[in-house]
Amino acid sequence: MSLKLKALLKSPWVFHLSTGSCNNCDIEILDCLTPRFDIERFGMLLTGSIKHADVLLVTGSCNRMSVERLKGLYEQVPKPCLIVAIGTCTGSRGLFIDSYNCPVPLDKIIPVDVYIPGCPPKPEAMIAGIVKLIQKVGGS
Amino acid sequence: MGKTIIPIGPYHPLLEEPELFTLTVDGETVVDIDMRMGYNHRGIEKLSEGLVFDNSTFVVERICGICSTSHPWAFTRAVEDIFPMEVSMRAKYIRTIIAEGERIHSHLLWLGLAGHFLGYNTVYMWAWKLREEILDVMEILSGNRNSYAMFKPGGVRRDIKAEDIPICLKKIDSIVPTLIMIKKAVLDDPVLHARLKGVGVLSYQDAIDFSALGPTSRASGVARDVRKDSPYGAYQEMDWNMIVTQNGDVLDKAVVRILEMIEAINIMKYCLENLPDGEIDACIKDVPPGEGIGHIEAPRGETFHYVKSDGTNRPVRHKVRAPTFMNLPTYKATVIGQTISDATIILAAIDPCYCCTERVAVKNDGGKMLYNGQDLVRLSQEKTERMRRRMGVK
Amino acid sequence: MNLNLIIDALKNPNGFFVATPLSTLCAVFATMFFIFTVIYSLKHMQGRTGLWRYYIYLLATFIATLGIFFSTTFIVLLVLWGFLGLLLYLLIAFGRREGTPEAARKALVIVGGTDVLMLLGIILIWKLTAGSSGLSGLLFMRIDSAAGIPLSGTLSIVAYLSLASAAFAKAGAMPFHTWVPDTAENAPIPVTAYLPASLDKLLGIYFLARITLDVFQMTSYMNTILMALGSITIIAAVMMALVQHDMKRLLGYHAVSQVGYMVLGLGTGNPVGIAGALFHMFNHSIYKSCLFLSGGVAERKAGTSDLSKMGGLVKSIPLVFVTFLIASLAISGVPPMNGFASKWLIYQGVINSGGPLWVLWLIIAMFGSALTLASFMKLIHTVFLGQPSEGVKKVLSEKKKRVEFSTVIPIMVLSILCIGLGVFACKIPFAECFRPEVRGQLDLPGIWQSGLATLMIMTGLVIGYLIYLAGTIKKARTVAPFVGGETLEKNPEMRVSGVNFYKTVKDIGILKVIYRLADKKLFDLYEVSMKIVAGFGLVFSFMHNGLLSRYILWCLIGLVVICIVLI
Amino acid sequence: MTREEVLQDIRERFGEDILEFLDKISTRVYIDIKAESIVRMCLYLFRNLGARFQTASGTDMPPHIEILYHFIIEDINLVISLRVWLNRENPEIASLAKEIEAFNWIEREISELLGVTFTGHPDPRRLLLADNWPECVYPLRQDYEEWDETADRTRGV
Amino acid sequence: MTIIYLVVFGFFATAVLGLVTSWIDRKVTARVQYRVGPPFLQPFIDIVKLLGKETVIPAGASREVFLSAPLLGLAGVIAVSTILWVNQFFAEGFAGDWIVIIYLLTVPSLSLIIAGFASGNPLASLGSSREMKLVIAYELPFILAMLVPVIGAHSIRIGGILEAQTTGIFAGSISGILAIIVAILCVQAKLAFVPFDIPEAETEIVEGPLVEYSGPALAVFRLMKNMLLFVLPFFLIILFFGGMRLNGINLLWTVLEYVGIVAVITVIRNTNPRVRIDQAVRFFWGPMTLIAAVAVILALNGL
């Protein structure tokens, strides 16, 4: 494993993208930063600009307005970047599968590396998911 | 000279959910504001129309993660208003406990985020650390951190066990000193005062005209609280104060929320200590044709649900109006003439919840969702078990 | 009149004109600017009517300037000085803006008005020194013959102030500065670069240096006044520059502000400060003309000098951006540019000047640099960087032909000079170059190691570049800018033009009041005197309205007054 | 004013505008009114009776579209819902947004989700739906059908 | 020889110490917030990671200007730190290097400003304009505060200032204390830390000038900021505490002084909300300038 990849896995900066979620996953993502979970231990930081991001945390059920922006934003991330889909909405679209405003599942729009199910997934689950992702990438 | 627009959003660190605010600025001064919604619209109102009444509570819970008690309660009240019927006293108490718990955690969340938006990350971390305690209490009571799934038309889904009550009371008591400490740290900080006082003033008349709700209106001197105006739940059973301040600026909105947290703790404690015995569920069989209105005081203001039934087990129309829907337009009245830096905190002071605002209207076509509802119940049950095991609670 | 005296003077070639190292240097620079202006004008002024007059005026200005530099007598200097004022008026009139006639008139009134003061000053000097030798003495009074008039009596102070105000007006120091921004805004760019930006600075400061050092014996009191005037000029002009909306006007205010440094340096009264002032004079003329000429290219490209309508020009004129940036860094005194070298000398002079107020002058001078940097950052953003405005986008899409060679040559040479004079500042023998104004030893604790600092910065750049190479810089990919998910193409209004960058500063406390007064032109000597004149006119017209009844009223009042006085 | 006085006042003042008066329970009153009198009544309730505007809800009930304006008078805990019936083919009603800010967004929402035209609305842009949403397709109508052929309704994962 | 100083001390030593300081800052912040905080090597890992990332250049920006802006800032910091190191441990330095340092310290800000402008992003432009306003706000009290040691030492050479403090450090006098208070707040603003992180206000204008930067260019910027985090306290120590003395017990003092200054900066940043830009300008031009002026007057009177 090259040094750069190693460094990437030790310092993944996450950017949070909501595509029409119920806010629960988003709040739990923020929760990961707070004293009880403190993902800065693993070198993770929540960044404000997508140009600094290494990991995209996508939440929500991809509604029409968001989908257009999501495609553009995915282009803007400097590669390599990993996509984490958080919550049931991003995985199976849960309740919203028949909604008139949520036409496409996330994995039809951008390639997803890992799904973290739950409504909302607990912060522990999110951290575990990202750690698993890191192991997966590190192992390959 | 052409105008200059500074966008806030849709993907902006200020906003947890996507939303676009375009500030027209002159230098750093905001001269005009426009809002573009729709990044969060999922059509829940339409979806809800396809679900049976029991399952709709799950959908409305997913209107918003932070208001995951307010919407179900308003919805169940709307359904009960169709009959009309009253639920049992114990169910009312349990509902009140859950709602007040949510109010505390929502206000703490707001306080933390407001600190974060001001670059005051210490407040953010402290408030959210405290919030974790409340979430633990909620997890003991309901089995879940956020979406509690406690409500159903006619009562509540889960009872509160007698042995959980002392644990919860102890935890609640333990957060009071920290809360008072944070209150002092926040409200006596001269820099915060300099930053918040006189900023984003919503006048009394504007609050009336925009029909502002909740803390947003109460900070402007409009004494408006559904819990007092149109009593429901167990709020009549005890004494508590409605917090009203007069200035309408961001500082006052913070004061209202912080003082409300302390009131909420008192209400919650009273309810836990005086929980009456009795049935928790009235087991509704058939909903008669008709229409009902349910409105309750969510942390952000009045949540309003309107349900129309045609006598089948599904609503014909379910209309959801979240408090932010009424509060967000006041942004326009408060932000103009302020600077961009203030614009962000003024926006935050409304405590906007966009997913509520763009909710899902549910009206629909099939029992497909049923599966989902059960799924969620199962999920939340599993989680509760895990949590309980970990915390050593039986 | 003694005819022999004239014949003697004419016989002796050194009688009227003499070359010193400093005046020669000035003349060299004047020549350089003349050549550059002519080269630049070839394209820039193309297609205008009456161009032959324009070039003749340029040439006449050049010759008169040389005359002033080398002249040894007051009267020759005065005549040429007045002639220059007239030429300035004529050259400004080549502008094609709405405000051009007014600006030209303003310049003429201020410069011409101070010429009269200059005459007064010369007569007073004549009175003070050779009053007995008759009118011919006045005519042939050499500038250095009057050396060392002590500034003790009222007459000598008035004489000094009269001469100094002529120098201030020419150089554009406060309080006679107001013609400079107006001229900058309304005159053609080459004219501004030629006269107010370079030649007038050389002339004004050269003359000020001569009277300060050759004619009078400065007292610490007068030095303090000079330094105070310099400091006020620095800070006030740069504060005005911060909030301007027009590129040329903004540059014009800087032409004023920088004069403050020179006056400050001269006011220190010690060789280091004076050397700094004179060095700054040359540096200023270099980077200021570079700025004006580069700005001229940008203006022609964008078709306007209104800042709110410019932006994003770097893509079409990258070379001009570089020269503009270099000149901006130089004027802001960023090491290792030439502006820093001369400012460094001035600071050193201020620190050596003694007296309790040196801290104040030093602070103002250094803070003025920060403000200069601020307003140039605004300019760089608004003109070259940032998102292109609608108008500029249109221009860019039209694919006009490239910038002409002849306009680029002068600005290139000037910007190279900016760097060169800065990097090799420690190699310049100031004492030799600036004789006779810099007398005695340059009592320096060593000049600043400009070469060493340059080496440091170069190494830093190389290290940074190596870091880039260690990374994956080559794989750079172009993507849309991140504005929260929206795209700029769909939202052309998401463009910060930068015009109002410093509005926040403008609105702070007392500054708000000052700026409001400045907007009302209350600090503009010209406007104020115009208003006073107009006010008198109003009073007189009120008194003389031609109605018999009012005249009778005046008569009655007069009668009453006389009665009261008599009784 | 007490509850009875308020209701009496409304009855007297708007006698001919009221089609039906349903006094459901002590806290709920539903009043069916003519569509053209909506502005007068809402303004009266809002300005003179001090009622707070809660929201408006539109329902597609073929052959009509029904709009309910909910007001609450907080002092007496009374929710008053004004009901108007509109023609489904060409629903049109006067806008209140220019008078009272609180009506602005909800009218925009109803107009895009149900296709009701609010005449005289100061800002009749879209509020919720995406830019590429087709004209004249209203998701909350009973006859709404999927229009997007690219929509994927499979569970995927 | 100069090159060796430059590379070894000006760059490597400063960079390493700067990254360590940045770790201290993050760790203390985390502890104040009841968190664990990042591991020791985290700042280094961040830099290495950024080097390995792709660089994206915003459309509409000038590629050359965009990429060269970070280099300018880095060069400025390296020059400053070299001058400081050389004065501290090796040689005399040159005349008037105090002025040169004051000027060079604006170069990092300058590079940020140009970077923001070159991004062609409205948020970055706004951030840059705020940075510029902040520079003109703190420059006045900063120069005044920095003048106190100059007055005390009657020299504008860093060497001279160090020499003058062999008998007694300036921090021991009233004027010195006042000047340090002002200087630390100005340093706070120079580092763009809360309460003066106005140019990079994450929740207002994303990351301000840095919003478009990624990969190695961002790495250089971060390196520059971290180096600044070392250089500025170092500069204060030289001016007010008689420099770093590495003999015997003085070594402990030096470390304490340094960590103390860093800790004060960190604590200030964790106990304050961000102020508005106009408030910042008022603050610096009002009370701060006043205090600094008092300090200068006291220093002129030998106090």
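Here the chain labels run A, B, C, D and E in written order, and each chain numbers its own residues starting at 1.
The rule is short, and it goes like this: a contact is a pair of C-beta atoms (placed from the backbone, for glycine too) under 8 Å apart; a residue touches a chain by one contact, two chains touch by 3 or more.
Fair warning: this is a prediction, and the values are worked out from it, not measured in the lab.
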Quiz prompt | Chains in simultaneous contact with subunit A and subunit C | solution = B, E
Quiz item: By label order, what chains touch subunit B and subunit D together?
Solution: A
Quiz item: Based on the averaged CA atom positions, which chain is farthest from subunit A?
Solution: C
Quiz item: If you average all the Cα positions, which chain's own average lands nearest?
Solution: E
Quiz item: If you count the C-beta pairs in contact for each pair of chains, which pair comes out on top?
Solution: C-E
Quiz item: Farthest from subunit D in C-alpha centre terms, which chain would that be?
Solution: C
Exercise. Between subunit A and subunit D, tell me the centre distance in angstrom, where each centre is the average of that chain's C-alpha atoms.
Key: 39
Quiz item: How big is the gap, in whole Å, between where the Cα atoms of subunit A centre and where those of subunit E centre?
Solution: 35
Quiz item: How many angstrom between the C-alpha centroids of subunit E and subunit B?
Solution: 43
Quiz prompt | Centre-of-Cα separation between subunit E and subunit D, whole angstrom | solution = 59
Exercise. Spell out, as numbers or ranges, the residues of subunit A touching 2 or more other chains.
Key: 34-35, 48-51, 63-65, 69, 73, 76, 78, 97-98, 100-101
Self-check item: Residue list for subunit E, restricted to those that touch at least two other chains
Solution: 33-35, 51-56, 122-123, 126, 202-203, 206, 211-212, 215, 277-278
Exercise. Give the residues of subunit B that touch two or more other chains, as numbers and ranges in rising order.
Key: 4-7, 10-13, 18, 28, 38, 41, 43, 46, 125, 129, 339
Quiz item: Of all possible chain pairs, which ones touch?
Solution: A-B, A-C, A-D, A-E, B-C, B-D, B-E, C-E
Practice problem: Give every residue of subunit D touching subunit B within the complex, in rising order. | Solution: 24-25, 27-28, 30, 52-55, 57-61, 68, 70, 72, 74-75, 77, 79, 81, 100-102, 104-106, 113, 126-130, 139-140, 144
Self-check item: Residue numbers on subunit A that touch subunit E, as the complex places them
Solution: 2-5, 7-8, 10-11, 34-35, 38, 40-41, 43, 47-49, 51-52, 54, 76, 78-80
Quiz item: Tell me, which parts of subunit E touch subunit C in their complex?
Solution: 2-3, 6-7, 10-11, 50-65, 67, 70-72, 74-79, 82-83, 94-97, 99-100, 102-104, 106-107, 110, 113-114, 117-123, 125-126, 128-129, 132-133, 135-136, 139-140, 143-144, 147, 151, 156-157, 206, 211-212, 215-217, 219-220, 223, 277-278, 281-282, 285-286, 296, 300
Self-check item: Partner subunit A, residues of subunit D touching it in the complex
Solution: 129-133, 139, 144, 146, 148, 150-157
Quiz prompt | Touching residues on subunit E, where the partner in the complex is subunit B | solution = 29, 32-35, 122-123, 126, 194-195, 197-198, 201-206, 270-279
